[in-house]
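Two complexes, one shared chain (chain A), two partners (chain B, chain C).
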Partner chain A sequence: MQGIFSLTGFFLIVLLFFMQWEVYVKNIIITFSVSSFILSGFLLYLGIVNEEHILLALSALTAAVRGFFIPYIMLYSLRKDTWRARESEPLMGTATSILISVLIVIFAYILYRSTLYGFIKVPEGSLPIALMLQGSFLMISRRNTFIQMVGYMVMENAIILFSGYIFPGLPFVIEAGVILDLIGIVMIFALLMRIRENTISSGTPDSYENIEELKG
Partner chain B sequence: MLVALSIFQLSYVLLLSPLIFGILAKLEERIESKQGPRIFQPYHDIFKLLRKESVIPSVASPLFKSAPYVSFSFYMILTLVLPIITAFPLSFGPTVDFIGGGLTFGAAATIKKLSSLDSRSNYSHLGTSRASSVGALAEPIIVLIFIMLGVLSKTNNPYVINNVLQHSRSWYFSLVHWFVSASFFMILIVELGKLPIESHSTSELGMIDQAMEMEYSGIELAFFKWGGYIKKFLLMSVFLNVYTVPFWVPLSVNIPGILAYSLIHFIKLIVLVVILALIEETISKLRLFKIFDYISISFAFAFLAILAFYITRGGF
Partner chain C sequence: MTVYVLPIIISAAGALLSVVPVLYFEETVSVAASSLSLLASIWILFMPGFNGTFLFIDGLSKLMLVMISAVYLTAVVFSITYLKYIENPLFRKKIYFLLLNLFAFTMLLSVSVNNLGWIWVGIEATTVTSALLVAVENDETALEASWRYIIVVSIGLVISLLSVVLIYGASKNLLLSSLFLSHNPDNLRLLTLGVLMGIIGYGTKAGIFPMHTWLPDVHGKAPAPISAVFSAVLLPVALYAVERLMQIAPFLIIKNFTLILGILTVVTASILIGVQKRYKRMFAYSSMENMGMVLIGLSLGGYGFAGAVVLMISHAFAKSGVFFLSGNLLSRYKTTLTSGINDVVKQMPVTGYGLLFGSMSVTGLPPFGSFFGELMVIYALIKNYGIIIAGVVAVFLILAFISLNYHVGRMLFSESGNPALKKMEQGRTAIIMPVINIILSFGVVFFIPQIISILQR
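Right, the complex of A and B next:
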């Protein structure tokens, strides 16, 4: 079990490295979809081994919502906004962002060992924390809205990985809530992006002030 | 017996190294639906160059002429100390460990760089500058990889590492081992001068290692080329025998077993060559400054190996 968890955690970290390397949004979304399916596979394994139907349901929900539905919606939206297809001005170079990602993984390990490990006693527990911090770093290091959304969803994947393995007895409504709230987040993002574009295409320079916080 | 086996290993590498790269060139051309050169073309090239007259720049020092022979002899020494067809050390095996082997590789590369600087050609300088920039970042990763292999086997000896990986399933299937292997594979592509790092063409824009030999001709160029084949052959053999497929390598003096493994090793190399050809034909060259991004990924893998060791094995 520990081995499978480590394998899943490290595989998701490697996929995040790939997201840091990649500039094409489509590839990043597909990579996120792959990482969600891997997470779903892990939950399925966990559900079968522990004979917990809740985990099986969560696995199916993860595959359907995060692996298929949300990436599909994002790719569909991306086809309309062709100018968003590529991250043209990342805040930092690829090599720098990958090195910072590595440092984040080390930081997460030290942080976990010095805090939560005393209570949980699971050596691999630092992996989801590293994923969470890396997801937030992906949001910070990119300007493209789609990539920022992916960064946010990676953080949510990390929470599911953490809770699914370390606290498998959580009520279904909480676990499902974490998965399903993403649909709401995607809808809000889509609405904000649409409002922003309508304002830019039809408004005067003064009206830009209302949306200037919505960078990306 | 060990001396005889050393001579056999040396002959094996000297004679077969050009053939492997002839097969690679042929495969790449066949993938592109071209006829391609014969697989023995590298031998023809070496023999042709051995008969040609050497032209030496008037400004070059004696180092220019001697460098190909010196670097070639370094590669011959390495052939005698690395596990190629046996998993037990031959006559010269105990002389160096992994770090010593790395330093010998480094010494041969340094001689080549000095000689290309000595040629005073702009193109050679360009190649040296690029190779040094890439090497300065790739070498520390190799050291990191050696450290992790040292952690894995509690030694720096490639023969012991092979033995540990042959016998310990838990190490072989560990994340530590596979992160190290992935990192070394990326560095192997850098050292082999294959895509996405270097494209071998007549355009100087993509040249790194190729540009360093620009001023060489005749017998000296033949030795540089042959030395280059041996270096690549050795690195591929180390990748296969020590990192990824350490199985079937004979652990004791057993002549039929060693002869059979020589054939198996050649087949392993051909499988690796097919993988390299597929990579070469499916991806395009990275721009020069993007090579450092590629190296950073390799570094990340090597570092993840350390972290995997701490997390899954509880640290040192």
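Right, the complex of A and C next:
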């Protein structure tokens, strides 16, 4: 079990590294979908081994919503917003972002060992923490709103991984509520993107330095 | 249990019925739903507390239900008039009322449920239901404000979700009523860590420093009735979650952490109020300052807790009134710049004087309820931490008071230099609702003993 968890965490981190250096938004969304299916597979395995029906249901829900439905909605929106297909001006270069990603993994390990490990006693528990921090880094290092949304969902995936393995038994209704909320947020996100495209007529749409009303 | 779910069910029904394709049906049904929701909440106020599998209704929940329902009703009524002044709305009126009713539903749900996980789901759902309402004005700034809101608040709520997981890990339970009673002594540190993370996460939604960055953008750009609901009840709903976490783990480290966050929030907001050029952003920072004071009160317990609740209720009425009035100003003067507003008392006398009293109320001037709330918090602060810390907080409260009332006074009384300007007062509904709310913020004073009694029951 421990080995499978470590392997899942490792794959998810590698996929996140790929998202970090990728500039084509479509590829990032597809990578997120793959990472969600991997997470779903892990939950399925966990559910079978522990004979927990809740984990089986959560696995199915993760695959359906995070693996398929949400990436589908995002790709559908992206097809209409052709100018969003590529992150034209990332805030930092590929080499820098990968270096920071590696440092984040090391930092997460140190952070986990010096804080949570004392209570949880699961050696590989730093993997979800690293994933969470990486997700937040993906959000702040990119201007593209689709990639920011993916970063947010990576953070949530990390928590699902964390709770699924370390604290199994979290009431299913909570997990289902989380997923329903996520669907709502993504739908609103897609709608906002749609409207933004119609509202913004010229210039670089992901740059908002000149919005006077939001200063102060 | 039937009575206790009424406000939740009524608001949900109001949301569903809002989309019925009959002319003006959405307005009628929203007014009916919000009125019935308020009546049901008042009824619950006189009922004994309730502790079931799904619901947990104590004194705090009862007061929150009344506060949310009252602001919900006034916001619905005010919206009917205000929507006419939005030139290019993002969506139809039916969708607006659907979302507004759903927004109220999620808040009412959050303060009624007996499960920490469900509180999280409810508060996260407030983001889903309110994000589009922020962007009603349908311009680039509104959309950007809405986007920032979703991103910043969602990250905060991810931290709260982690907190829920950690608390579950420590207690193997998420029922509030059980968590209040017992803790596993082996996992107290994990529980403490979970609660601290929850305070940061929900603090983001409450506009607590340093996670407050979304707050002025959203309050400044959302339409007036939505800003009113955000400021008056959404921020307190997030603080309600913080209070529940503190009740679960009433440890000194958590109280101190919350106190520090509260003080930093008051200090930051008080400084930022003075440098604002736009009046809605200024009122947003004033909300942040009040939430800081509420957080300080919650961290202190006893008189501080009672003061925090009194302040929260008085602020809810006053600030919703102030935001309604700021909507009147915007619809007439067509600017959010403070420097663009002059001579309001002559041109819009009811709005002008309403704003004057509203500003006094939100900055804690006697005899408004917020003054007594702040006084109780300061008293508890002196009692627990001595005069120096209380003095620092009081200095920044005074700074906020001077800054906000200076700007408001300048807008109300400075001469426009144009004697030909005619009276610009809004229609009756647009001035009656804010005036009622500001009067209610004063009326809270007469109910302070009852509020304390309800909290103690």
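Operating definition for what follows: the second predicted complex is superposed on the first by the 200 of 216 C-alpha atoms of A that agree within 3 Å, B and C clash if a C-alpha of one lies under 4 Å from a C-alpha of the other, contacts with A are read in each partner's own complex, and residues count from 1 in each chain.
Following the convention adopted for this analysis, a residue touches a chain if its C-beta (ideal position, glycine included) is under 8 Å from a C-beta of that chain, and two chains touch if they have at least 3 such contacts.
The structure presented is a predicted model; accordingly, all values stated were derived computationally and were not measured.
Chain B and chain C, once both complexes are superposed via chain A, fit side by side. Of the two partner chains, chain B is the only one that A:I98 touches; chain C does not reach it. Set against each other, chain B and chain C differ in how many residues of chain A they touch, and the higher count belongs to C. By the touch criterion stated above, A:F17 is placed in contact with chain B alone, chain C being left untouched.
When the two complexes are overlaid on their common chain A, residue A:L7 makes contact with chain B while staying clear of chain C. By the document's definition of touching, of the two partners only chain B reaches A:I106; chain C does not.
By the touch criterion stated above, A:S126 is placed in contact with chain B alone, chain C being left untouched.
The superposition of the two structures on chain A yields an angle of 150 degrees at the Cα centre of chain A, opening toward chain B and chain C, reported in steps of 10. Of the two partner chains placed by superposition, only chain C is touched by A:Y152; chain B is not. Think of it this way: put the two complexes on top of each other by chain A, and the tightest Cα contact between chain B and chain C is 21 Å. Across the interface of their complex, chain C is touched by residues 115-116, 118-120, 132, 136, 139, 145, 148, 152, 155-156, 159, 162-163, 166-167, 169-171, 173-174, 177-178, 180-181, 184-185, 188-189, 191-192, 195-196, 199-200, 208, 211, 213-214, 216 of chain A.
Chain C makes touch with chain A in their complex at residues 90, 115, 117-118, 120-121, 124-125, 127-129, 131-132, 135, 138-141, 143-148, 150-151, 154-155, 158, 161-162, 164-165, 168-170, 172, 174, 187, 189-190, 193, 216-217, 220-221, 272, 275-278, 281, 336. If you check the complex, the residues on chain A that touch chain B are 2-3, 6-7, 10, 13-14, 17, 21, 93-95, 98-99, 101-102, 105-106, 109, 123-124, 126-127. For chain B in complex with chain A, the residues that touch the partner chain are 175, 179, 290, 292-293, 295-297, 299-301, 303-304, 307-308, 310-312, 314.
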